[in-house]
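Every chain is named by a letter (A, B, C, D, E and F) in the order it is written, and numbering of its residues begins at 1.
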Amino acid sequence: MKIAVLKERAAGETRVAATPETVKKLAALGASLAVEEGAGEAASISDAAYAEAGAEVGPVAKVVADADMVMGVQAPDVAALSGAKPGAWVAATFDPFGQRERVDAYAKAGFEALSLEFMPRITRAQSMDVLSSQSNLAGYKAVIAAADQYGRAFPMMMTAAGTVSAAKVFVMGVGVAGLQAIATAKRLGAQVSATDVRPETAEQIKSLGGKPVFAEGLEASGEGGYAAELTDEQKAAQAEMVTNHIAKQDIVITTALIPGRAAPRLVSDAQIASMKQGSVIFDLAVAQGGNVEGSVPDQLVEKHGVTIMGFSNTPAHLPADSSALFSRNLFNFLNAFWDKEANKPVLDEEIGNAIRLTRGGEVVNPRLSEAS
Amino acid sequence: MDFISILSIFVLACFVGYYVVWSVTPALHTPLMAVTNAISSVIIVGGLIAAAEAGSDVAKWLGLAAVVLASVNIFGGFAVTERMLAMYKKKDK
Amino acid sequence: MLAYLIAGVFFILALRGLSSPATSRAGNRNGMIGMAIAVITTLVTHDIANIVEIGIAIFLGGIIGVTIARKIAMTAMPELVAGFHSLVGLAAVLVGWAAYLNPGAFGLLTGDGSIGAVSKIEMGLGIAIGAITFSGSVIAFAKLSGKMSGSPIMLPGRHVINLGVLGAIIVLTALFALAGPGDTMPLIVAVTVLAFVIGFLLIIPIGGADMPVVVSMLNSYSGWAAAAMGFTLGNTAMIITGALVGSSGAILSYIMCRAMNRSFISVIAGGFGADDSGGGKGEPREQRPYKQGSAADAAYMLEQAERVIIIPGYGMAVAQAQHALREMADVLEAKGVEVKYAIHPVAGRMPGHMNVLLAEASVEYDKVFELEDINSEFAQADVAFIIGANDVVNPAAKTDKSSPIYGMPVFDVDKAKQVFFIKRSMGGVGYAGVDNDVFYMDQTMMLLSDAKKMVEEIVKAMD
Amino acid sequence: MKIAVLKERAAGETRVAATPETVKKLAALGASLAVEEGAGEAASISDAAYAEAGAEVGPVAKVVADADMVMGVQAPDVAALSGAKPGAWVAATFDPFGQRERVDAYAKAGFEALSLEFMPRITRAQSMDVLSSQSNLAGYKAVIAAADQYGRAFPMMMTAAGTVSAAKVFVMGVGVAGLQAIATAKRLGAQVSATDVRPETAEQIKSLGGKPVFAEGLEASGEGGYAAELTDEQKAAQAEMVTNHIAKQDIVITTALIPGRAAPRLVSDAQIASMKQGSVIFDLAVAQGGNVEGSVPDQLVEKHGVTIMGFSNTPAHLPADSSALFSRNLFNFLNAFWDKEANKPVLDEEIGNAIRLTRGGEVVNPRLSEAS
Amino acid sequence: MLAYLIAGVFFILALRGLSSPATSRAGNRNGMIGMAIAVITTLVTHDIANIVEIGIAIFLGGIIGVTIARKIAMTAMPELVAGFHSLVGLAAVLVGWAAYLNPGAFGLLTGDGSIGAVSKIEMGLGIAIGAITFSGSVIAFAKLSGKMSGSPIMLPGRHVINLGVLGAIIVLTALFALAGPGDTMPLIVAVTVLAFVIGFLLIIPIGGADMPVVVSMLNSYSGWAAAAMGFTLGNTAMIITGALVGSSGAILSYIMCRAMNRSFISVIAGGFGADDSGGGKGEPREQRPYKQGSAADAAYMLEQAERVIIIPGYGMAVAQAQHALREMADVLEAKGVEVKYAIHPVAGRMPGHMNVLLAEASVEYDKVFELEDINSEFAQADVAFIIGANDVVNPAAKTDKSSPIYGMPVFDVDKAKQVFFIKRSMGGVGYAGVDNDVFYMDQTMMLLSDAKKMVEEIVKAMD
Amino acid sequence: MDFISILSIFVLACFVGYYVVWSVTPALHTPLMAVTNAISSVIIVGGLIAAAEAGSDVAKWLGLAAVVLASVNIFGGFAVTERMLAMYKKKDK
């Protein structure tokens, strides 16, 4: 079985879907690997390192030719896949709701698209879950970037020249990224508070030394540990809580997402205006529509003396680690289903059906059929 | 011995007993019980006297029986404690 | 007799030695020496009509005792001790009767050739307490060894019956003391029989969980019986030893109750006060037996260990126990124990959750290991110390295909010699919400408490 | 007494020598304050805030006119001071060794230049010591900036997708900035080691949880808690230690300075080449000539896959806090010597002579006479 | 006498009560009750020829005793206790002599109208020990109250002299016991005189720093004297009490030596073994007196406090004691004590040094105060707890123009009721390298140890 | 009372004394000394007997002197202890 790893083509994408480490491990399973020239450059991995790990390194056409499977971080345009075996697998993130046309194109081209962000949140799939591994790093990066942007220091310092008080950091949305953001801000010495709509997160916030700030009676746990959308009434309650709390904050990190929908709007312009001069808001959801009014991906927006920032692709700002974890997720996925005899992975129903978008020219995923 | 002396001895011994176990590690509760059990077989002294003295045959046999029972206890109690305590031999470092 | 006093002192030193593991073996030796002194003194100071029989009796008893002690399984210790108690009780009864039958030998005769009233009271008490010890210990033995159901057996109206019997014993003993020489036999027989009965009645309603306390209490009784006989015989060794055993046994039962969080009164009063509800709080979802331990137990075993592996989980984070944990590890390391931390990839609620907290507590990175690197070391570990983890040590992930966590790699804690498991109650579950076989393993001791509090107590208990 | 606060003219300078807080306090002493328009802008302080605190806000000419004293972060060119009283005090940092011409110009213009970086390191002057307060923030900022630049995360994370190992941070030079760098990196979860030439720093490194790494027999404590220059032999010993240690490091922060001299060269190109791809070096001494071969102020230099960075003015990257501390240092200085009756500060000999550069048309500072 | 036994039990309960502050007052009451029982019993069971005189004697003694107890300054307690000891010693001598002169009254006469040899030995011992107690206590009193130099006075050849005198006492006592009725007087006089002398000789060479141990040891002696007289009189109360006081005093001196890190033997042997070097290790740069405390003392006072202010400094950072400190504060807060942290602007070695460490230990920011905000609160604080800080609490910064730290604002710790000062030794200095008057204040207790270790011990001592 | 009883009582009381102070808080050392000092004035019993009985005048006066000294001790010792312990009154919370 030949697996091709392409250089990412999306703008700003610095990650790569395989590292020398996973190349070696996949080769040990029995696969033959081909890696496009320069694929790892942005993640500080040289072509030589891939070659040394046992991959064939070459130009894209040669790499894709006759591949049984293509691995990517973001799914490549179908055009880039010409030459791959018919019905070949393409394992990558597809943003299936946002880029439906691409999914349709894959179906038309007869590839089997495996969308890694549809990996079910079950215990045994934890090690294959790219959303978790990438959100985790994104949560860390958001705080570091905000700290670098902020004109003051995070920790309290009582010095001979007077006291620098600790920055007040407010984390909105306490999923994987939010928790790591709490942990990181706390480490830096900030006073951290956080909010969510799933009540079980209160204990989790405290377990990292943060202070939960919850609107009363708000409870919107959805399926699989995800959040559900709020009713209008709930939204009003939440907005009021935020209005009261946010004016005292120096740093706000928003991470709220609802699967399959636009990110919820958590911070309004009026609320931003109530904040102190020099405060910083990092909108981790900016690529999904943004939690913060006026946030623009990859731009520093200054409003009412407050800086609003957010990256369209946060994990790409930690290319080395995010590539390492992404590629290990992919390896764990293939390894779990690898069939020695067939010398290829054979998926089971629970996970296979969950992540498979297209097969035999059709869009087969139930979540996509519902959504359309 | 007059009663007051005996009583004094008794009372003071009660205090000693009280203090002596206050600080025992829980892990040693069972061995401690085994030892106190063995020690309480000091009743063998009574059995010995009964068995030793002439006067009543029944009393002698009762005494001998008491000696047997108490001996089981004494030997068994100390031996079993020794076994239990072997677990607590200080590890060699 | 000075020798008896010396024997008494040796017994005191014996008990004293037993209070700490370091001196416990010397303590046991002291007990033996004291006993040898007492026996030899008695033989030397009396003219011995029957030295051969006595020799045989001691020899016989010794053989039996040593054999039992050698053969018995370590797990059967509590029942063995209960069994031994019954022997002491019976011996006391026999000695009492012997004294009654041959008062001259014990120097109990007053001027008119009868036994003095005080002596008779002491004798009656000795016999009664001995008999209670005997029958009580037999029941305790039967319950502990499983020859009888461990659950409390409640007779209807038992409070009234017990009080009646006890009253009768007291009245009969008084009558016995006052009765003329010819009339005493039926009275002392009645006292003996009733005492056997009450011992039985008192222990029958006490449940198996409380048995260790009962055994210690019976131990105390056997001491009082010996002391009573000591009064009769005016023997210092018996008085000192009896009082020693009596009071130490009572205190020990009290301490044990306190450690188990049970009311002392309700346990020793046994038949009088035992509450009718079953033991244990916070029912496990499945009523399987488990061992619960105290901080002191854990402290002791940890100190004795050579290799300890700590497995932190979400509960440590909730309790914010990381600082206390680090402190515990420091203390252990100062004692030469090797301590490692085993971090499961999904321990806690976010990736790297445990790492954040351990770093906060300044745990060195080279003591922190991931699953693959440390899982093989459990077989060499003396203690696996699970603090607030649950799912990540659940063997169902390896064995039970129907479990929601099936397929997740987990720590092989069952390979460790001893497992400590800190959680707040048997009722609580982990993220996956499933029961965990580790709770019920032989080598597992559950430490039920808030993690921070428990670890702090363990630190306190170590020194 | 009229005190003028100017908007900083130096490129990249974002700080300001007075905040509304110190304006108010100085006014309370009896001074009248004049602040140039827009002086606090870069530090998130509005003109209105100054006005509210009691300062007169206006254009530079009006502010300087008749001033008895001018306060600045970096000393302005003499040209900007025309209109001030003859013999007026100018309290600011002068970089007297680096910008000797400016000092001479001040002498010629007849101003009394008070160089705050010459504040003696005695206990009672601690609260007036701008070097300490600014180095402290610089040490913090260096780590945050390096963390933001680094392609991996600092803390160790054991996750379902595998382990991210902790970054190894090496701090060279353990003065005020170095200590704060150690503390900050440690907070972020890095494995921190540090080195210096003053042996007493070993204990200080440990007191922050770092690991001292010292070349054997190196001891070069100078006067007043500063370091002395190394002999060639010592330099060789240090270089060897660095060579052995640096190859294993992910992040290097250099802070070594020797008063009155160029910063010592601590890291050579060959040593950089031995480091891992993707490593980051932050050279805090870059403005004083740099501790690292090839470092360029305010530029990301990539050499052998390693990023070398450094700001010409690090505290200016935390404008709000650094202004607050700087201005409080200045206030503490004036306050300590304020003479109620004269309604102006009267310096004593120990501190006055130490910081005074020019007076009555002459360069009067002993350190400058020595140096020339 | 049953009553004497009861008195003895009350005395036991008295000492037992004194072992913890909570029960100490009840303990003292028990002591009074026991004494009342003993006295009344004695009066009731003897025909009293001189009840009036006795009444006057008791009344007189009582008045004097109560007056002294009321008037004495709290700081003079140790010397007062020493003074009281001398009285007990003298009383023992007097009683011994009374018994010698009027043996009939004490029932000491044997058949032939003379005193038995055993009684005479007991009597001689009682008198000798009493006399040693007396003269020893007088010296201790003089040294403690400053009436005599506290420094050890070393006689040349004192070891030989002491041994000679002691030997003479023993020989003379033996002769006294064996001598015929007419020859005893000179012997007992010689014993008495020599005992007075040896008491003096034994204590003279012991330095002032060791006096508390000596007082406790003399306490023990007074117990033995009472016990010896108890043997003579066959009085249970005196025997029990004497043995009790004797052994507890000895143990107490041992414990005190251990706490002070001094060898028990070298102290009690006094004249025999006292090393000729002056006491104390790690000389302070100026030999000024200071109080040293133990973790248990600190724990107790902290628990009793309502407001505690912690002042951390560079030493806390060096010891990495922040986690332990946080733990201590947690325990105190759980007991209702208010705990605040006072951070000096230049504490530590870098700006914000303390903040980093306290944040690491998760100390809430709202408990951390800067100098200006908290300095006025020391007047209301029960305890200022200085851990590894030094320069930042040095009052020389306010008062001494020549000090290198003059002009720096410092914490007004002298306003707090009690000051604890943790550092490793009296020799160590802070960054500025100067001595600190806070060490020598009346309300300061120095806790000399590594900060982390000390705080951990304090936590252990609290419960 | 026979010597053995007395000796037994003495030995046991020594044990009790030993145990009773082992666990004393250092802060209570001085009060403890004061109390034991007061208690050791039980020697007053001897003084009382000497003073009470007729027979020897010298003995009587010695006895009375002993009673005075011991009384100073008893009253002074308990009173001073009470004063010291007042410091340790449990604070009201």
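Rule of thumb we're sticking to: a residue touches a chain if its C-beta (ideal position, glycine included) is under 8 Å from a C-beta of that chain, and two chains touch if they have at least 3 such contacts.
As the structure is a prediction and not an experimental result, all values here were calculated from the model.
Contacts with subunit A and subunit D are shared by C, E. When each chain is reduced to the average of its Cα atoms, B sits farthest from subunit D.
At the subunit C-subunit E interface, residue numbers used by both copies make up over half of all numbers present, so the two copies contact each other through mostly the same positions.
Listed candidates were D-E, A-C or A-E; the one reproducing the C-D interface, defined as more than half of contact pairs identical by residue number, is A-E. Each chain's centre was taken as the mean of its CA atoms, and the one lying most distant from subunit E is A. Taking D-E and A-E together, the chain pair joined by more C-beta contacts is D-E. Between subunit A and subunit F, the centres computed from C-alpha atoms are 80 Å apart. Mean C-alpha position of subunit B lies 17 Å from that of subunit C. Between subunit D and subunit F, the centres computed from C-alpha atoms are 72 Å apart. Residues of subunit F in contact with two or more other chains: 1, 4-6, 8-9, 11-13, 15-16, 20. Residues of subunit E in contact with two or more other chains: 8, 12, 236, 240, 320, 345-346, 351-352, 356, 359-360, 362.
Multi-chain contact residues of subunit D, defined as those touching 2 or more other chains: 126-127, 132-133, 136, 155, 157, 159-162, 164, 187, 189, 209.
In summary, the structure contains touching chain pairs A-C, A-D, A-E, B-C, B-E, B-F, C-D, C-E, C-F, D-E, E-F. For subunit B in complex with subunit E, the residues that touch the partner chain are 4-5, 7-8, 11-12, 15. Considering their complex, residues 314, 317-318, 320, 345-346, 348-353, 356-357, 359-360, 391, 397, 404-408, 432 of subunit E touch subunit D. Every residue of subunit D that touches subunit C in the complex is listed here, in rising order: 155-164, 166, 189, 191, 209.
On the subunit F side of its complex with subunit E, the touching residues are 1, 3, 6, 9-18, 20-56, 58-60, 62-85, 88-91, 93.
Residues 7-8, 11-12, 14-16, 18-22, 24-25, 27-28, 31-32, 34-35, 38-39, 42-43, 46-51, 53-54, 57-66, 68-70, 72, 74, 77-78, 80-81, 84-85, 87-88, 90-92, 94-95, 97-99, 101-102, 104-106, 118, 212, 215-216, 219, 222-223, 225-227, 229-231, 233-249, 251-252, 255-256, 259, 294, 296-297, 300-301, 304, 306, 336 of subunit C are the ones touching subunit B in the complex.
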